[in-house]
Structures are given as C-alpha cells and as structure tokens.
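Given below, in the form of structure tokens, are the structures.
Shared between the two complexes below is chain A, which has chain B as its partner in the first and chain C in the second.
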Partner chain A sequence: MHAEKSKKLVRELKTSKWLPPYNVALISEISQDMASLYEKAVSDLEDRNTDSALIKSSLVNRNKRCVLAYLNYRLTKLECLRLETGPNIPPHFSNQLNKDEMDYFKQYSALLQDYSRKVSKSLDLTGDLQPPKDVFVEVRATEDVGDIVLPETGQVSLEKNTVHLLRRSEAAGLIRQGVLQHIN
Partner chain B sequence: MGLAEEVLELEAAVRREKACPEILMYESDLIESLIGQVESREKALRIDPITPEEQFRGLLYQMDLDRVKYLLSSYLRSRLVKIQAYALWVVRQDDVNFLSPQEIDFLTKYYSIKTNHFKKTFLLGLPNDLRSLESRKGQRVIEVSPQLDKHVFIKVIDDVGRVQTENSADIYLEKGDIFFIPYNLVKPLITEERKIDLV
Partner chain C sequence: MIKGSYWDIDDILAEEEPIPVKTTKELKGLGFLDITNKPLDLPAESRFQAPLWLAAILQRTETDIELPKYFRTSYRASLEADPSIVSLKAQSQYFFEVGTKLTEIAEDDDLKQLLLKVLMKRIKFLIGYIENKSNPNILKRLTELEISIYEKGRKTMIELEDWRERKYEKIRTSYLYTRPMRKMRLK
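Showing the complex of A and B:
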C-alpha cells in the first residue's frame, strides 16, 4: 500500500517508448509520504514499538530506492541520447524532461567533450558509432539549410533534396542532426 | 612494435573490453603510442597534395587513419560506458589504478553532477536523516557493481590445463578451445597470464 506509488512511478518507465514525461507530482507525493512515515517510525521508536518502526523504516527505504532508480534510469537514457545524437536534444525528446534533467544533459555533454579533448585533440569520442567504410559519403539534404562552409570541401549549398558528396567526418554531425540523409 | 601490430593489439583490447563484465586495466602504453602516431600522421596529411598521385595516396591514408580513430574511440567509449554504470561503486574503491588519470577525472566530475542531480530533484525534499545516498549498512542505495560471475565466451590461446569449477567438476582448457563460463573462474588467466582471450 505504502509503496504502491513508487511502484507506479517505476512502472511508467516501462510503458513508454523512450521516457515518460517527468512525473514531478508523484515524486513530491512520495517524498511527503516518506516524511510522514519516517515521523511515525520515530514516534514508534519512542513508544518502544520496534517492530512497527522497522516495517516503516524499510518502507521508507524501499520508496527511496524506487525513486532513485527512476531518476537514475532517466539519466542513463539521457547519456545514451548524448552519445547517439550529439550535443542537442531533439525537440520531441525535450518535452519529456524537466529542467534539472536538461541541465544534467548539458553538464554531461560538456564533461564528455572535455574528456575527449583531454585524451586527444584529433579524436571525437561520439563521432563514429559505426566503423567507417569510405572517406566520402553521398548524402541527401532533407531540409533547406542554405550555404554552409565546411573545412575541407569548402562551400556547399544544402537545398532540400539535393545530393552531395562530402567528407564523412564533415557530414557525420549533420547526419545525426537529421539535416542530411546517408544514401549509399 | 610497429603500427600494424599495435592496431591488432588495439583490436584485441576493444574486443576484450566489450566482452568483459568489469573494467579492465587501461592499456596506457598502447593507447598513448597510437594517439601520438595518429596525431603526427594527421598533421602530415594536412600538407596540401600537389600531384594527383599524392592526393590519392592521401585519401588512402586518411581512410586508414579514420579506422584507427574509430577503434580508439570505441575502446575509450566502451570503458566510459562501464565507468558510468558502476560510478557509485568505483568511487568507493581504494585502488583505482585500472583507470587512466583522465578517466579518474571524468569519474569524479561525473559522480558529482549525478549525485547533485539526485539531491536537487529528490533528496533535498526529504527529512534530514534520509538525505544520504548511503543506507545503514554502508551500502549505497542504488549502487551497481560489476557482475563478476557473469558468463562470458572465452577462447584459449595457450594451453592451461585443469580448471576447477564451482560444482567441483574439472574442465580442461587446451589451445583453441572455446568455452562459455563464468568470468571469475578464469579471471587471472585473462588479466594476468593472458592465456585466455574473451570473444
């Protein structure tokens, strides 16, 4: 009964494709329940009712575990997202997050970049998730971006549905942002 | 060791790291040497080619360099993934010599932003006594440690002989054999003696 709410919270994670919207209301309800349970446990102890106090304190701990597991799972998902799609959160993902989680994403992203730079300037840890096959890739623009200047290829005008041959290292970021589509 | 052998070594290291349930010793010499070579070769490639032959050769080199860079980053990345998963456990270990200095740095900062997030979103709303991440027995509430008895696929690269298993049945490991056994049973043979490889 007392852990029912935390069970619901953890279950929510399973019911959605990526992450459910951050359930701030349920978490604060659980925190309040925990606080009142804790108070009761303390007063039970004063009445020397140790059995009841023991049960209550393990309920409190169980609730805590559930909420922390909920938060931790969400953070892990965010870390995966950072590795897969780069330093920006796609809009349909950011709706599911609360402000603290957005902050966490930014901090984590900065941390990862920092680490990558410290190890070597010529490595990008999140650059290649698949083994590279060729120096050049053929890509198709999925939206109008206009003219951009790339370090090796020079100026390219990315208009919708145009096909370009670009260096893989240059195109990788744009592909993951969804601006370009890999076609060969 | 030439570059070609080092790349082979690195491939093996990536494979081991990905298959192993715990974080293995950081291959500092190998990684440092490879990073150094990749950097110097990239610099050499940046000089503008004059003839078409040089341009062509440059592209081939670039391709190979990209492959080595992919291996390097997937090695480092698979370690980071494990460090993150076990972060709460690793920070409590006395001896973290299996991590590189940069990884230790990463871990400390990672640990602090993570615990900060827990505090901000949840723990600070609780009564004082409940705010710590540690429960009474000194164990972290949501700590995850490497699962050392996980089954792994191994390939025997050098004759080992008899190995005792938990239910006291013995198995014989000979060169070329492939087994699926609990990791902790053969751990020293993998990490110290290098007689077994993970596949």
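Showing the complex of A and C:
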C-alpha cells in the first residue's frame, strides 16, 4: 500500500514512444482507493491517531498528484501533436485516446485556428520559423492519395512516386504527415 | 514541463525509489506500510523500505531515514575513485534526483559535494559520446538525467550539422509519423 497503482500509472507513460492507451480501469481503481483512504483518515482523526491520519491523507494527496500528472502529461502531448502535424489525429494514434481527450484535441484545434485568424488572415502560426528560400518545393509522393485540391495550386493527382512542384506552405503539412517527401 | 514541478513525471518516479527507514516508536494503524508485517500496528524499531516521498513524511512521525546502499560509505569510495566506469543505472534510474532530494531530507552536505563531483565527471565523459557519432549502447548504462542530457546533446549536434550544410529549410516528416511506420515495416 505505497500508492503502487499510481506508480504503475505514471510508469506506463514512460514505456511508450508517444502515449499508452488511456487506462480507465486503473484510474477508477485509484479513485476508489483514495475515497476509502480518506474515510479511514477521517476516522483516525476521530480516534486522535494523528500519525496514521497524516500518512493516510498524504497517500491520498500522492495518488491525486500522480493521476493529475498523468492527465496533464497526456494533454501536453496532444497539444504538441496539434502544433506538429495539424488538425487531424493520425489514425494509428486514435485508439490510444479516450473520448474526452479527442474532444479536447478538437476544441484546442478550433481555439488555435480562431487565434490564428485574429492575429493575421494569411499567417499559419504552426508554420516554419525560418523564412523559406523558395516559394516552391519539389516533392515526391510516397503513397497513392489520388486527386486532391490545394487552395492555390488547384487540383493535383498524387500517385505513388510521382514528382510535383508545390507551394511550400501547401506541401509542408503533407510532408510532415509523411504523404510527401521533400527532395532536393 | 518544468523539472521538479508538481506535474513532472520524472520527479514523481524519482520519489518512488525505495529508501530504508526505521521507526522509533509504535505507529498505530500503519501496519500496512511494511509489506512483510502482518499485524495492524507498526511496532517500534521496525525496518522496511518506503518510497522516498513517504519516507520524507514519515520523518515527521519520528522515523529515522537511512541512506540507500549506493550512498553509503563503502559505495562512496568507488564513486570517488572513478565515477565514469560505475553503472549508476544498476543502482537507481534516478540516482541524481534521489541524491539531491536526500541531501535536503537527511541534511548531508558531503553527499551534495560528492554528487556534484560525480555529475561533472560523468558529463565530461558523456560529451565525448555526444560530439563523436557514438553507439547507442551506452544509453543502457545511463540514468534518466544523463539520457535526457545525451538526447538533447545529440539533437543539437544534428541541428548544427544541418545548419552548416544549409539543410535547415528542408521539411522533414514529423517523428510522430515516422516512428510507427518503421516499426510496422519491421514486422
């Protein structure tokens, strides 16, 4: 009973490269433990057993810290994902998240877009910090995407191993997502 | 995340490292703290391992904190001799974090000096690996703090190289997309 469950929860974050699947079961177990520990601490106080009450209430606080840190870590990762790769969650990540986290991601994304629009109409806040040398970049498609319409270039048909000359701002998102590859 | 803050998961895990403690009086209703102990109450003079954060609180109930094996005099001697050879990870993943926290709890100034000396020597040795293209095998011998220094150092070296070769304007695929792809290909 040294808050091992909380330790396990936090350690899970370390084991995966991005995020482990959201562990609902463990979190609800921990919150039950916390409730029972709290009751015990209160009854200890009634018996004037201050040592025991001190330890039990600090166990409650410890569990609370671990769970909050777990949630906060996940949210920070989600925010980084939004800034790094744009408004879509990569398909291989979606089963790692629970519904609330998906909602958080969508709302964060909407907020960021709102803010971006307020700052400037033509500026993408998640874009590169360095000014580009060329307006256009040469890219090669790494998978079959089919025809897509880009805001300035118009329609492009991205078939595997075809080379295109696209506007840098349009291509950047696709390159980061691994659909295109930047050559030259 | 700020290091050592409430939200820092490394800080939380460092505080989970077991520390030997010894009670000086009977603690009623706390028998569950000692896993080998069956009865409800914790008798006086009982020794057991508690996580660091718990040990710090137990101190308020007049419990003595002892130093873990890797901070005792015998091990200190081998640390003094050559810190770069010793595998600190085998002792504790969070050797330095636990050490700094213990210096505050146990008020041990010698330990503080020793940790500083060990860290300086280890970093000197680590920088050699960061600057020359090194084998990732040494990661197995490093503690968490050293791994984070190593990774930051490697990243900076790569960025510096990119800048020298004017490659910084090249857009790369985000690591969030590349890593799982590589994993899938291996299967």
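Structural remarks
Everything that follows uses one rule, which is that the second predicted complex is superposed on the first by the 177 of 184 C-alpha atoms of A that agree within 3 Å, B and C clash if a C-alpha of one lies under 4 Å from a C-alpha of the other, contacts with A are read in each partner's own complex, and residues count from 1 in each chain.
By our rule, contacts are C-beta pairs under 8 Å (C-beta built on N, C-alpha and C of every residue); 3 or more make two chains touch, one makes a residue touch a chain.
Just so it is clear, the structure is predicted and the values come from calculations on it, not from any experiment.
In the overlay built on the shared chain, the residue A:176 is in contact with chain C alone; chain B does not reach it. When the shared chain is aligned, chain B and chain C each come close enough to touch A:65. In the superposed model, A:132 lies in contact with both chain B and chain C. Shared-chain residue A:79: touches chain B; no touch with chain C. In the superposition on chain A, A:7 makes contact with chain C only, not with chain B.
In the superposition on chain A, A:92 makes contact with chain C only, not with chain B.
After overlaying the two complexes on the shared chain, residue contacts for A:104 are found with chain B alone; chain C is out of touch. Looking at the shared chain after the overlay, A:55 reaches chain C, while chain B stays out of its contact range.
When the two complexes are superposed on chain A, the residues of chain A that touch both chain B and chain C are 65, 68-69, 72, 76, 128, 132, 168. The part of chain A that touches chain C in the complex is made up of residues 1-3, 7, 10-11, 13-14, 17-18, 44, 49, 51-52, 54-55, 58-59, 62, 65-66, 68-70, 72-73, 76, 81, 84-85, 90, 92-93, 128, 130, 132-133, 137, 168, 171-172, 175-178, 181-182. Within the complex formed with chain A, the residues of chain B that make contact are 35, 38-39, 42, 59, 62-63, 66-67, 69-70, 72-74, 76-77, 80, 84-85, 102-103, 105-106, 109-110, 113-114, 117-118, 120-122, 125-127, 129-130, 133, 135, 141-142. Residue ranges of chain A in contact with chain B, taken from their complex: 27-28, 31, 34-35, 38-39, 60-61, 64-65, 67-69, 71-72, 75-76, 79, 83, 98, 100-101, 103-104, 107-108, 111-112, 114-115, 118-128, 131-132, 134-135, 168-169. Those residues of chain C whose C-beta lies close enough to touch chain A in the complex are 1, 6-9, 12-13, 16, 27-30, 32-33, 50-51, 53-54, 57-58, 60-61, 168-174, 176-181.
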